[in-house]
Structure formats: structure tokens, C-alpha cells
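The data blocks that follow each hold one structure.
You will see subunit A twice below: alongside subunit B first, and alongside subunit C after that.
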Partner chain A sequence: MDGCTVVIIALIFTALSQLNSYVSEEWKNRVCNQINPYFPQLTIKLKEHTALVEANNSISAQDNYAQWTKNNRKLDKLKKEIDDLKEKLFHFNKSKIDTWNKLAKLMITVPFLLFKLWKGKTIVYTLPSNQMFPSVINGVWHNGFLFVALAPLNWIRHGAIHPAAVTSEGNYISFGISLGIWCWALNTVISTIEFIVNQLFIREKVTAPTIDNKDNEKSSKTL
Partner chain B sequence: MSELSDAEKRKILRERRQKKFGNGGASSRLNKITGQVDSNLSTESPLDTPRSAPIESKQQETLIDIPDPEIPNIDDHIQKTTPAAKIEDAQLNLFKQLADMQKDGSSPDLFSLLKSMNGETGDDSIFKNLPTSPEDAPTPVDTELLKYHDYLVNRLKAKTILIKWMFFLLPYLYLVTRGGRTPLIPVPEMLSILLDPSYFFMIFTSFEMVATSIYYQKLQSIERNHKINTLDNSSKIVKLVSMIPEGIIPVPNLKGKVVLALQYWDVLSLFLTDICFVLLFIGIVVYF
Partner chain C sequence: MDFNVERNLHSLINSTSHKWIFVGGKGGVGKTTSSCSIAIQMALAQPNKQFLLISTDPAHNLSDAFGEKFGKDARKVTGMNNLSCMEIDPSAALKDMNDMAVSQNGNGDGDNLSDLLQGGGLAELTGSIPGIDEALSFMEVMKHIKRQEQGDEGENFDTVIFDTAPTGHTLRFLQLPTTLAKLLEKFGEITGKLGPMLNSMMGAGNVDIAGKLNELKANVETIRQQFTDPDLTTFVCVCISEFLSLYETERLIQELISYDMDVNSIIVNQLLFAEYDKEHNCKRCQSRWKMQTKYLDQIDELYEDFHVVKMPLCAGEIRGLNNLTKFSQFLDKEYDPQADNHIIYELEEKN
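And now, the complex of A and B:
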């Protein structure tokens, strides 16, 4: 598998995992409600409850005491049924969402991790020059983060922190960026871009607290 | 027959009751309960006793009479040792302290007032763990101000990263990877040496140090304006560490060390974020 193919596969996995993280709990609950057998029952009961409350508010408790009491008893019964249905709905949705999360882990996270472990050392692209970064950092880009731990061992065994950097002809290899490092860089940049967009464009503006509020709070604290 | 006798009985009881009410029997019973007439209960009310008496006696003691330590004043001792007197003394001293502080113009400090109460009542179990001076007491932060402070700090961080990426790293990397030869960005001849790839890491690191120091200066000015330490108030790790009492972990000033480590990590994370951007952008430029 060449560098281009592994990049495309890594991009697909990254896109899927990001999409999964963007799906909110609220959306998942809405989807689960459509397949939940308790949801239509709950909707009917809630409508009955609303209608009964309106009917009860429209009659006088003193003049139509019997009817009012009857309505109250029905309301109590309905409330109990609604609470039961809500609990069943919640448990059903929770089980479905847990299944969704497990599936996402099995189909996206775990395969992506295995793919990175399998093809992590594949060079995605070579650097324009070996001089751009110091040799230790070049080694990390080329071999992954484990290079930092193995460098002292290589020095002891081979007398050089990166014995594979020099070919048999005595030339230096062109250092490149391995897939594992490239995926780490990609995830970092994506999360930073999310942070920038969120802070600068999406987040609601927070105004400075006014002096009156500050003084009121100070006086309440001293009292 | 029994009905008649029952009715007669009821009649007799009714007459007796009416006689009793007529003689003021009910009120006499009430009077007994409230301790007015024919009662053994004391009618003295604590509200009737003059409050100034103990203070006056104290003042007289201090100004005029120097009590002989060998002969204790029994009355004062009884007054001081009764619980009611202790509480009264504590309350009065508290109000006195408040009044003095307001005269001085300083705001009364809660912890010193509680400490003075502690001294008077002798109950120090509640106040054992409180700080002893106002400087030790943690100043409560206004939640609205903290929210605004977090908003400003996050915006500063986002703007710093965006400016670094857009106005320095992007054009510089483009020029370095193109060997300085591009019609889009004309570069003077004397600066072309800076576009040599062998100087890239040195220039990148120098830029990072300057940018980080500017960022931290701005951050400190925000913290100074709001009098809020960002790490102390927003970091969960620092809050967790500050809950650990001194002595449990054999590390002196653990919180200070943790704060320092988190500051270094903050700097390092900014550096690593920019390195990641460099790696990705070089890849894009190499491919295209």
C-alpha cells in the first residue's frame, strides 16, 4: 500500500470518527424515539393529561366538586402512567444509544487503531529537506514517537541514534512523515480548528458584568 | 329512668360549669398556666433585665477598680459563666467590632469576626480549619466575572493561533518549500537566506518564543484587570490538588509545582499545535 492509499483510508476513518463525535445526544434520542414503542403511547397520554388539566381548570372546584375530584384522581393516575412510560422510554433509548456507541467503537475506532498499528510506519510524504528539523525530530517523524524511547538503546547498540538513516552506500535517507505522526498532526489540527471556530464564530458573546451587579453582589457578600 | 338521671346529670354539670365561668374559673386556670395568680412559676422575663449592666460593670472594673486576682468577683464569675451571659457578651462584642470597623472605613472581615466570636464563646470546633488572617482566606470569585474572563482568555488563545497560522506560518512554509522562488510573494534578496530549509527550525522556534511571550503578556494583563488567576479558577487539576491538605503528600508547595507544570504544558501544547500545522501544510504543498 503506497502513501496515497493509506492517506485516503486514514482520511475516511478520521471523517467517520469526527462525524460520530458531532452527532449530539439529542439527535440520537430523536432517532431512537421514532423506533421506540413507548413513544406514541407517551404522546397520547401527554395529550390526555393536557386536555384534562385544561378541563379541570375550566370548572369551579366549589360548584362541581365531584367532577373536579374525579378529574384530579384521573390526573394522578395519568401522571403515574406518564412517569412509568417516561422511564421505559429512557431505558429503551439508553440501550439503543449504548449499542450505537459500541458499534461506532467496533466499526470505526478499533479498525482505525489497528490500521494505524499495522501501517503506522508507512511514509506519507518525504520532507523537502533533511535539514528542516534536527536529527532527533527527523527520527521521530520517520519512525514514530517510540523512536524517542529507542534512541538511547540504538546509541548503545549501534553508536548512532538512528542507524537506518544512513544507507549501505553511505548516503542519508530522505526523512519523511510516517502515517502515525501524520494522523496525530491531523487530529490536533482538526481539534484546534474546531476550537478556533467555536470561540470566534459560534460561541455566544459574553458581556462584561455591570458595575451595579458587582456592587450588589459585593454588598450581599459582606452582609 | 336512667335517661332522666342522665339528663339530670348533664344539667347539673352544665350548671356547675356555668357557675365556674361566672366565678372566673377558666381564667384562674389560665392564670395558673401563665404563672400569674396562684402560680409557682417565675414571671421574670429575660427581656426585662437591663443589657448594659454587665458591660457597665466590666467598664467600671477596668477603669476604676483593679480587681484583686486573689479574690475573685463571684457575681461577675456567675454572670460570665452562664450560657446566656456568654452569648450576650459575644453578640455585643460582635456588634461593637462591626461598629468600630465601619468607623475606620474598612469592610468587616468575616473570618476575624468569627474568630472573635470563637474567642468569646469558647467553641472552636467549628472554626478550627478556617484561615487565621484575611490574607490566607481564599477570595470568592464572581461567577459572571469568571465566565467573562474565560471567554476573553479563550478568544485570545484562538486569535493568537489563527494569526500565527495565517500571517506567519502559512506564507513562510510556502516560501521555504518553494525554495523562495514564487511570483506571489516577492522576497528581497537579502532575506532569501532566511528561506533556506536548514534555518527553518531555528526561525520557527524563535518565532514561537516571541509569539508565546506576547500571548502571555496579554494573558497576564487580562488576569491583572480581573484579578483572577486563570489556572487557579478554571483548571480541574489545580482545584483537585488544592483540596489535598498539606502533609498528606510529602511534596512541599504541591499546588505551586502543579501550577508551574501546567504552565509549561500550556506553552508546550501551543508549540506542538503549530508543529502539527507545519507538518500538515508541508504535506499539502509537497502533494500539490
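And now, the complex of A and C:
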């Protein structure tokens, strides 16, 4: 498998997992409601409830006491049925969402993790020069973060933190960026962009707290 | 379902199975008069049985209704051999409990928790607990059940009629068995784990907490079973033909149904029957009767499977055994506004 294919597969997995993370619980609930057998029943009951409340508000309780009381009895009964249906709807949706999450984990997260473990050290592209970064950083780019953990052991065993960096002819090998590091960098970029977009456009602006002068005056008088 | 139910309480008055009869409703609708009337009619219809009328309302009215003083101990109504009355007085009952605790604990060395709880502070503490009236009424019920189980002939009553407090109090009282059962369940779990420690805290060998709790639990369960058995227990709602009273009655009925209690009787008091009263038929009476008729029609529509008993408004106060007996006959045989009209003025003459 060449570097290009590895990158394309990694990009597909990244795109899929990002898309899955963008699917909100509300949206999942909406989708589940479409297949939920209790949802149509609940909709009917809620409509009945609204109609009964409107009917009760439109009549005088004192002039139509019997009708008003009958409506109240129906409302009490409906309320119980609605609560019961809501409970059933919630459990149905929860089980479906749990299945969705498990499937997503099974089809995206786990294969992507295995793929990264399998092809994590594949060099996605080569650095134009070995002098671009210090040796330790070059080692991390080339071998992943495990390089940092193994560095002391390499130093003890071989007298150098990167023994494989020098070829048998005494030349430095050309360093590259491994798939694991490339994926990490890509995810960091995506989450930074998400953060900026979220802060600038999605999150509601929090107004600065203001001090009410009247309150201040009151408290100073009390003191 | 049989919708042609009688418009009287004949079946209840002659019932031999009912052990507990609750009479309740909104304040000022005639609960005490109705409960006294039921008790008198039952006592008259079944002379070989003993009846007890208990007031669980903190503002007792039984003494006023019969015109003689009743206390915390059951006492026979003058002129009736098989009807006794009692008024549960929370402060007196607590004082008794306190005195008993002090006498039992007289030789306490003052070291342990039981001295603190039983040595006088208990009454002061419990006296201020909300709902203590209901709890004491409940204790009274437990006492009667115990007596019945032990076959104590001297103090045994076949039927107990409760003249209850206004709706809120009554519902709290009727909820007590279920609430206590849940509470005791939890306590049981705790004492199962901490029993020996609790026993040592209460004074070694002095109080067996687990044993007491189990005994209480069994009693509470018996009461719960009896209260939800329609052959043993029923609730009679009392109201007047006005919106707020009917609204509260409906709330009471729905709540009782949710407690699995039997409720199938409604007494509608203070009716004017103005159209049949040729002598005293003022404009005000006519308008109020018109209003009452409007609500009566609604009651008939809403509670078609209930015994709805329509009782007249009397010209005077219904006090004393004679007046109560006269008035109460309309519970057994429904009031006929034309034939029985003179009775409501006879009561006036007696006062």
C-alpha cells in the first residue's frame, strides 16, 4: 500500500469520525422518532391534550361544571398516558442511539485505530532537509510519539537517541512525517478550526455583567 | 354496571360488613352532622352491634352536635346503648404518652438516648410536628384493630365512623398507611444492618427496635389492606351544591380512587327545595335554589353511579340526639320535599 492510498484511507476515516461527532443527540432523536412506534401515538395524545386544554379554557367552569370536570378527568388520564408514552419513547430512542454509537465505534473508531497501529509508521511525505528541525523533533515526526518514550532506552543501549538515523555509509537518512503524526496534526488543525468557528459564530455572546446603580444606592443606604 | 343506584344510604346503613366508614369534605359543608346522622341511623338499624364515632378533626364538633361532652376515651351517647363517641385530642394524648414514658423511665440514670427521648422531651418535640393529629388518629385505628384481634369484648366496636377533618387533613391521614409502609421498609433495611448498635444506643435490653418495627409494620399492613377492601371500608363525601365544594369533592374522589379506596356515596347538604316550599318561598331562596339545581344537575351527570343523597337545609341548627335522629332519617329514605317539608321546621321549634 503506497503512501497516497494510506493518506486517502486516513482522510476517509477522519472525515467519517468528524461527521459522526457533528451528528447531535437531538438530530439522532429526531431520526429515531421517525421509526419509533410510540411517536405517532404520543403526537395524537399531545394534540388531544392541547385541544382539551383549549376546550376547558373556552368554557366557564361554573356554568358548565360537568363538562369542565369531565374534561379535567380526561386531562388527568391523558397526562398519565402521555407520561407513560414519553417514558417508552425515551427508552426506545435511547436503545437505538446506543446501537448507533456502538456501530459508529465498531465501523469507524476501531478500524481507524487498527489502521493507525498497522500503518502508523508509514512515511506520508519526506522532509526536504534533515536540518529543518532538531534531531529529537525529527525523530518524533519520523517514528511517532513513542520515539520520546524510547529515547532514554536507545541512549543507554546504543549511546544515541536515534541510532537508525545514520546509515551504514555514515550518511544521515532523510526524515519524513509518519501517518500517526500526520493524523494527529490533522486532528489538531480541525479541532482548532472548530474552536474558532464555534467561538465566533455558534456560541451565544455572553453579555458582561452590569451593576445596577439603584441597588448600589440601596445597599450603601443600608450600610 | 348498575346505574340505577338508590338516592340514599340504605345499603350502607344496613351493611354488616363495613368496619371503617369515613365521612369527609370541604370545611363547613356539614361533615359532623352527616357523620352523626350516619352513626345514629346505623346504630338504630343494627341494635345488636356497637358503633363508635371518632372525630379526627382538630376542631372537634361532636360534643356540640350531640349537646354533651366527649373526650379522648369512648363514651356512650346518652339515650343510645350502642353508639359511642370520642374526640381525639392531640395535646392530651401526647401528655398521656409523656407521663407514661416518665413513669416507665423513672429509674433511668440519665445517661442514654432513651432518657432524652422518653423523659419528657418527646411530647414537646412531637407536639409541633405537622400532621401529628393524623398520626394520633391512625394510632387510635391501630388500637382498635389490636383490640379486635385480641377479642377484647369490653371495648370492641363493630363499626368505626370517622368524622374527618377538611379534605387536606383527611387525605394526609389516608396516605399514612402507604407512607408508613414505605418508611418502615427503609427503616427495616437500616435496622437490619445497625440493629445491635441502635439497641445499645436506646439502652441495652430496654427497647427492641427491630421487634417494635416489625410489629408496627404488620399493623400498618393490616390497616392498609382493610382500608382498601371495599367490603370493610368506604368513604362518604359531603358537599353543598356550590362550585368550590363540588370541585373539592371531585378532587377528593379522584385522590381516594388513586389510593384504591372505595367511594360511592355523596351527601349534598343544605338544599333549599324552594319550589316545593309554599309557605317560605322568598325571592332569595328561589334564586339560591335555582343555583343549587344547576349544580345538582351537574352532580347527577357526573356521579351517575354514586349514591347521591340530597339533604334539606333545616330552619334551625341540627343539634341534639332528637334533631339528629329526625334529620338522619333522610339518609335511609330519601327526603321528599312535599311530604317531609314540615320536619325541617319542627327542628326549628325544638331549638
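Here is the rule we go by: the second predicted complex is superposed on the first by the 210 of 223 C-alpha atoms of A that agree within 3 Å, B and C clash if a C-alpha of one lies under 4 Å from a C-alpha of the other, contacts with A are read in each partner's own complex, and residues count from 1 in each chain.
The rule is simple: a contact is a pair of C-beta atoms (placed from the backbone, for glycine too) under 8 Å apart; a residue touches a chain by one contact, two chains touch by 3 or more.
Not measured: the values here are computed from a predicted model.
K.L.:
Name the contact category of A:D76: first (subunit B only), second (subunit C only), both, or neither.
P.N.:
second
K.L.:
Considering only the touch criterion stated at the top, classify A:Q199 as touching first (subunit B), second (subunit C), both, or neither.
P.N.:
In the superposition, A:Q199 touches subunit B alone.
K.L.:
Looking at A:A66, would you say it contacts subunit B, subunit C, both, or neither? Reply first, second, both or neither.
P.N.:
Only subunit C is touched by A:A66; subunit B is not.
K.L.:
Would you mind checking which one, subunit B or subunit C, touches more residues on subunit A?
P.N.:
Partner with more touched residues of subunit A: B.
K.L.:
Would you pull the subunit A residues touching subunit B in the complex into a rising list?
P.N.:
Spelled out, the residues of subunit A in touch with subunit B are 124-129, 131-134, 137, 141, 177, 181-182, 184-186, 188-189, 192, 195-196, 199-200, 203, 205-209, 213-214, 217, 221-222.
K.L.:
Which residues of subunit C touch subunit A once you look at their complex with the stated criterion?
P.N.:
243, 246-247, 250, 254, 295, 297-298, 301-302
K.L.:
Sort out for me which residues of subunit B touch subunit A in the complex.
P.N.:
107-108, 140, 142, 144-145, 147-148, 151, 154-155, 157-159, 161-162, 176-177, 197-198, 200-201, 272-273, 275-277, 279-280, 282-283, 286-287
K.L.:
Show me the residue ranges of subunit A that touch subunit C in the complex, using the header's touch definition.
P.N.:
It comes out as residues 61-62, 65-66, 69-70, 72-73, 76.
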